[in-house]
Amino acid sequence: MCTISADGTYSLAMAYMQILAGLFDVVAVEAHSKVSDIVDMSPIYDLALDPIYTRPLGLNANFIAGLEMNRYLYGSGATSQDCKRVVDKNRRNALSNELAIKPANIESKSDGPDSISYPLTRNDVAPLADGAAVVVLAAEGAARSLCDNPVWVEGTGWASDSPTLETRDWDKATYAELASKQAYRQAKIHDPASEIQLAEIDDTYSYKELQHAEALGLAAQSSVHKMLDQGVFDIGGRLPVNPSGGSIGMGHTLEMSGLVRVIELVKQLRGDAGKHQVHDVRTGVALAWRGIPTTSGAVVVLSNR
Amino acid sequence: MERQKILTVAYQPKAKYAWATGIAISRFLKGLKAGEIMGTRCEHCGRIAVPPRIFCEWCFKKSDSWVKLPDTGTVNTFSVSYITADTTRVKTPIIPAVIGIDSTTNAGFLHLIGEVKPDDVRIDMRVKAVWLDQPQRKGSITDIKYFAPLR
Amino acid sequence: MHMSSELKVEGDFPVHFRYTAGLAGERFLREIKDKGELIAARCPKCDLNYLPPRIYCERCMSKLEDYVTIGNIGTVDTFTVCKQDSDGKDLPLPATVALVKFPSAHGGLVHKVKGEVAIGDKVRVVFKEKSKRTGSILDIEYFEKVT
Amino acid sequence: MFVKKRVAVVGAGMTKFVRRAQETGKELAFESARQALDSCNMRIQDIESVALGSAPDAFDGVHMKGEYLLDGAGAWRKPYSRNFVGGGTGVFSPIHGWFHVASGLYDTCLVVAEEKMSSCLPHPQTAFLTIFDNMIERPLGPNLIWIFALEMQRYMHRHNIPKEQIAQVAVKNKRNALDHPSAQIAKAVTLQDILDSEVLAWPVQRLDISPVSDGACAVILASEDVARRITDSPVWIDGVGWNLDTAYWTNRDLYFPRYVANAARMAYGMAGISNPRKQIDFAEPYDPFDYKELHHMEGLLLCRKGEAPKLTAEGVTERDGKLPICPSGGLLGVGNPIAAAGLMKVCELFWQLRGEAGKRQVAGDPRTAVAQAWGDLMQIGTVVVMRA
């Protein structure tokens, strides 16, 4: 057993390499969130900021999401209204997901100002939740003897952009783009927008879903919000994004969130997703992001072929 | 900062936690308040464990049968410590020990030894819990003041 | 630490920290303190001037030894209006914060802004008066719009 | 065992270990990574993936410090991840890197281990408080040293070992470190110095403990084909092993680290080693405390249980002995920036097996060696077997 200090999706990638190397036939990957033990996350995020250049400003770390959202809206032409559509879609999807936190808790809190760091509002932030998730990986031979409907790992990728606020790429999610390129190369995917039928991707903040969909090549640059408006990403749309409800709908379980995305994808590929099942899914992609203030993410491509 | 040769930034982290005690340890702590040491028994392998847990990590099965254990045991190992948690020096030593609790399967927990001179503590010494008076107990490991030699 | 009624154990992490600015950071902060100037570390190989400076180029991993001065007028790359402090409490007044990029520098500075700004605005770095500087990023008072 | 790709170490670098570095953690990571690259004439562009090892965030004082350190560690726009297995992290880091290369996904991996403990006040030991259970151990006011004292006492009791025999390890390692250019405390001590040093938590005295340090180490891994293009003398990672025991440390007999033995068996099995006592030429077991070296020699199956103090007393474990142990000077001598200290042991294997260890070089053209680290609540063993 070992700990990978990252989202569970990274652990899945490590387990995948252990199996490819020939070290093990079966590996379990676990991630959990017990965020309710933490009285307030703000001081924890503060500790993640650069101690010399950023922390002395005394600002809540969510200002980084504010900076990024502002830059994203400026560059893409998307609006706060589009971000609200992401929230509405994901909350609606979560209503048919029995693992989601209760809708009563999904409603944004009415106390306090709605804007937390312009243009970011409370509504844009996924609510925190506790939970635990396990994925079991097996080498092909073992997988076929252990179960009738294995879902195959076609590719994994993970990457980091420049970490500092000053030198990172603010115009796009470069980490997600680099990670997906690796995963697509392994999975022999050349045109993700046409070869992928479903995406479960990080939506820690509403704008992140749009930014991430773009980075994964699921939409042409600056057209993602138009596709959202056209219903392309809805359950029943051409390319459903977060039919599970995502973190906004299900609850944000910190670094378990990415593994939850993977599990939701597995369910879809097995036809086990119940009320939010999407039809005719053969290949799907999942993306995890490590949250503010990081520039790191991991991608997994799965198929049922 | 002014007098230092090298520039530094001082920082006081303010993270606060409220750790849920969980199912097994909640019951253990309630037991301590009542003056009892509670353990769990794995129905699969028969092991009786303390601190109690809701699963047996050997069998990886649920372990939900509870056993009231005696408050006597054996010193598995001990130390004579002249430092506190923040490495402050103390003249009168603290004697931490792992106390193997009677009736368990080689299980025990960390506690302190009292009512004995440091030089007289021995591995394998028999000990018994010395409890706070009932009204002072609050459902904490410190409801046991320490373990003292069994006379 | 004490027990509350919900069987939660409350506690903290009883440590505190003291950080050094590092070799490049020390030089950067002293330059601000002593001269009221911004400096960047130059990577000749990649033709990048890192602001704040570093002792290495993150792209080619060369050791950086040359420093260049950066002018104190830059452009707002993005900004936000932050409502809460680092502990999650409401700030007395919302703080406008911007990422500012400077001509010839790779990187930039994130700091508070006096007044309102928009993306693309030109701003100037305003330093505290010399006697009040301590060798900290807070020796920069704020960015101010150039009119 | 079938391994998809054989993995070699082709380069190594380390900073000096110091009590208080002016450099930031990023800068320390850079220094070690740069040295490792230079040692084998590689460019960062030749590196396909990066693996970082670092102990708790509470030392550097940066949450998710792997993210903070990544540019210094050479991970800009690369696949990059951080492993953490407590004190076992340093030796786990090359295992973490090994997955990347052995899997066939990447031909090269830069492995960096960093620790800047001086940021943490009042003392890095305080940061270990939360290793204890918050409900049933922390209220007793434990200090990290307690668990070592409790384990050491149990080990001494079980085999009837006098304190003098244990202290001999500290004398040896601090002497060995006199020849290490990166050593923090290059000072010889006598047996009497150790026995006279302050009693912190009997049987642990101040000089039984390795010094707290800042520092970083790096190694570069490559697949067989690539390694042979980079260097004429690759050092092969032929066995990796790790194993975790139950976190209920008070439910175990602490006299023997069975998890280290399990990890060693895994690594030896992979490397085709059936008789470690004969087939291992020298070893770098984890020695944050002097008794730990003995404990771990036994865990690594390099001698019988309880036999390590005797071998030490007979001089077998000296640098010129039959089975040199910690020829680097170990954590006791070179210093203990947790994760970096573990990787320092892997660096030592690399240099020794290439005959590049200078004044520290062990005699007899060593071909096979083992490095090991330990961590968490006396719980994890991490083991790497390397061959020239």
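Lettered A, B, C and D in written order, each chain numbered from 1.
Quick note on the criterion: a contact is a pair of C-beta atoms (placed from the backbone, for glycine too) under 8 Å apart; a residue touches a chain by one contact, two chains touch by 3 or more.
Because the structure is a prediction, the values reported are computed rather than measured.
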Selected pair, greater C-beta contact count between B-D and A-B:
B-D
At what distance in angstrom does the C-alpha mean of subunit B lie from that of subunit A?
41
Rounded to the nearest Å, the gap between Cα centres of subunit B and subunit D is 30
How big is the gap, in whole Å, between where the Cα atoms of subunit A centre and where those of subunit C centre?
29
Rounded to the nearest whole Å, what is the centre-to-centre distance of subunit A and subunit D, using the mean of the C-alpha atoms as each centre?
35
For subunit C, residues that touch 2 or more chains besides their own:
9, 11, 13-22, 25-26, 29, 58, 86-87, 136
Check each residue of subunit D and list the ones that touch at least two other chains.
22, 24, 61, 71, 76, 122, 126, 129, 134-135, 139
Going through subunit B residue by residue, note those that touch at least 2 other chains and give them in order.
6, 9, 11, 13-21, 29, 86, 140
Which word fits how the chains touch one another: line, ring, star, complete or other?
complete
In their complex, what parts of subunit B are in touch with subunit D?
6, 11, 13, 17, 19, 21-22, 25, 28-29, 49, 51, 53, 57, 76-87, 93-94, 96-98, 106-112, 118, 123, 140-142
Subunit D contact footprint on subunit A (complex, rising order)
1-6, 10, 13-14, 16-18, 20-23, 44-45, 47-48, 50-52, 157-164, 167, 174, 178-179, 182, 186, 290, 293-296
The residues of subunit A that touch subunit B in their complex are 34, 36-40, 43-44, 46-47, 51-52, 55-56
Touch list for subunit C against partner subunit D, complex:
1, 9, 11, 13-26, 54-56, 58-61, 63
Which residues of subunit A touch subunit C in their complex?
40-43, 46, 51-63, 66-71, 74, 112-113, 115-120, 162, 164-167, 170
